[in-house]
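What follows is a single structure, written as structure tokens, with notes after it.
When the chains are written out, they are named A, B, C and D in that same order, and each has its own residue count from 1.
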Amino acid sequence: MSFAIKKQGDVLVVDVDGQLIVGNRNELKQKVGDELEKGERKVLIDFSRTGYIDSSGLGVLVSLSRRIRDQGGELRLANLNDDLKTLFELTKLDTLFQISDTKERALQSF
Amino acid sequence: MSFAIKKQGDVLVVDVDGQLIVGNRNELKQKVGDELEKGERKVLIDFSRTGYIDSSGLGVLVSLSRRIRDQGGELRLANLNDDLKTLFELTKLDTLFQISDTKERALQSF
Amino acid sequence: MAPDAPAPAPADPVAASLRVALELEIPSDVRHIEAVVGLIARHCEQFGFPRKQTALNIPVALTEALSNAILRVNAAGDAPRVQVRADLTDERLVVEIVDEGAGFDLAGCLGDPTQPENLEREEGRGLFLMTSLMDRLERFSSHGNVVRMTLLRHD
Amino acid sequence: MAPDAPAPAPADPVAASLRVALELEIPSDVRHIEAVVGLIARHCEQFGFPRKQTALNIPVALTEALSNAILRVNAAGDAPRVQVRADLTDERLVVEIVDEGAGFDLAGCLGDPTQPENLEREEGRGLFLMTSLMDRLERFSSHGNVVRMTLLRHD
């Protein structure tokens, strides 16, 4: 599992490769946190290469969402597969996040 | 698992595909037996596509060997992989059968 | 048995009667979670459990149970270990996670993270996901704190 | 844990501690042998047993034990069944085949099929192969006639 971070225009795009779970959630928190400190304000997390997410992973997304909003930024999620959609629906987190079907739509939505 | 029988010159070539075990040994016995009754005398059994052989399979080979010899014919075995070689060595059946490394050599040996 | 027309093999009694039990023990360290989850999910796949169960229900619920066992008890120091037992048939998975902690009150700890006031909380979704993704969740004490989850195979 | 330099994961305790138990029951019919053998050999492969053991020792010895159980007891009529139990660790396979027969005298039945006078006999190589291909062969009675074979994993 790994996180790849790149810039696309003024958007920070984070690819989550593999699981987002208790064992690596702090890595994501830290990496995105570092970028926010450097001044990034638009963040897109792409789940097209993600396996499963546990409650710790969901917790990190919630905390990043709040932190980005507090700094006047915006967070978008893209490319959730059916299993991940189920997970967001079960936890009602689909109502908290702005979720796009594709990366392109997510980029346009900022 | 299946047995394919074809003629190559005056030699009956039998391919044993899969396992030669208690569940299908009678099929081999019968098929080769039928050919012997039709007058075939040279038989080559090719094990290049064979998985494993159990004691029932070895027993059928022993019985075919005797039957062919009794009718004045000859039996050759070819293409035993390392595992099958081990099996023939353990049971000392490598001393009973004429075993060739390749089908060509087996055909030439008649 | 006529060799040229063998009777059809009867329906597969091997798969129908098979029961697989897995047992393992890991040091209390979250880095082992993925290996345990992968192992159990793979066995369920081999049993023909549907993809959604092997890719979502089982991995997520199992990760929750393991991380609770590891994170709650790790604090105790003293190199605690977590035991995992899975019992699999054609029809269901029963998996038990055993930690060395004193246990907890399952009903009392089960909140509802989907309530508006909880939605922005970082914690508190583990037991909820376990109950949502499994058919049955039990807790009892037996040589440790045992969390038992049962998932029926639904095709 | 520094995210950019995580400590290396410790050696694999999942594989080292894992124990897998398989249990199944088949009607006394030789057509089920291959499925049982395939299942157990595949589990041994997953444990990393060497190819020779999963392709030769295990399949042949298991086929012998199963066909003896099926062919000796089938004669009894009355839809007998054969139970198979396998217990697997990183280090060894223990497999038990249980039939409904009265049992037999293992030492008394074990001949030497490699003797010149036996070489052309069709029968009598089953127990010999089981002892040759396994590290240990036992027979005892316990809810049936149990043949137990043990194979140590040799790399």
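Note that in this section a residue touches a chain if its C-beta (ideal position, glycine included) is under 8 Å from a C-beta of that chain, and two chains touch if they have at least 3 such contacts.
This is a predicted model, so every value here is computed, not measured.
Asks: Considering only chains that satisfy the touch condition with subunit B, which of them also satisfy it with subunit C?
Replies: Looking at subunit C and subunit B together, the chains touching each of them are D.
Asks: Among all chains, whose Cα centre is located farthest from the one for subunit D?
Replies: Chain A.
Asks: I'd like to verify one number: the distance from the centre of subunit C to the centre of subunit D, where each centre is the average of its C-alpha atoms, in whole angstrom.
Replies: Chain centroid spacing, subunit C to subunit D, equals 29 Å.
Asks: What's the distance between the Cα centroids of subunit A and subunit D, rounded to whole Å?
Replies: 50
Asks: Subunit A to subunit B: how many Å between their CA centres?
Replies: 64
Asks: Which residues of subunit D are in contact with two or more other chains?
Replies: 31
Asks: Note the residues in subunit A that touch 2 or more other chains, in rising order.
Replies: In subunit A, nothing touches at least two other chains.
Asks: Spell out the part of subunit A that touches subunit C in their complex, as residue ranges.
Replies: Touching subunit C: residues 1, 19, 21-23, 51-56, 58-60, 62-63, 65-66, 82-83, 86-87, 90-93, 95-96 of subunit A.
Asks: So in the complex, the part of subunit C that touches subunit D is made up of which residues?
Replies: Interface residues on subunit C, with respect to subunit D: 9-10, 12-14, 17-27, 29, 31-32, 35-36, 39.
Asks: Would you mind writing out the residues of subunit D in touch with subunit B in their complex?
Replies: So the residues of subunit D touching subunit B come out as 30-31, 33-34, 52, 55-56, 59-60, 63-64, 67, 71, 113-114, 119-126, 128-129, 132-133.
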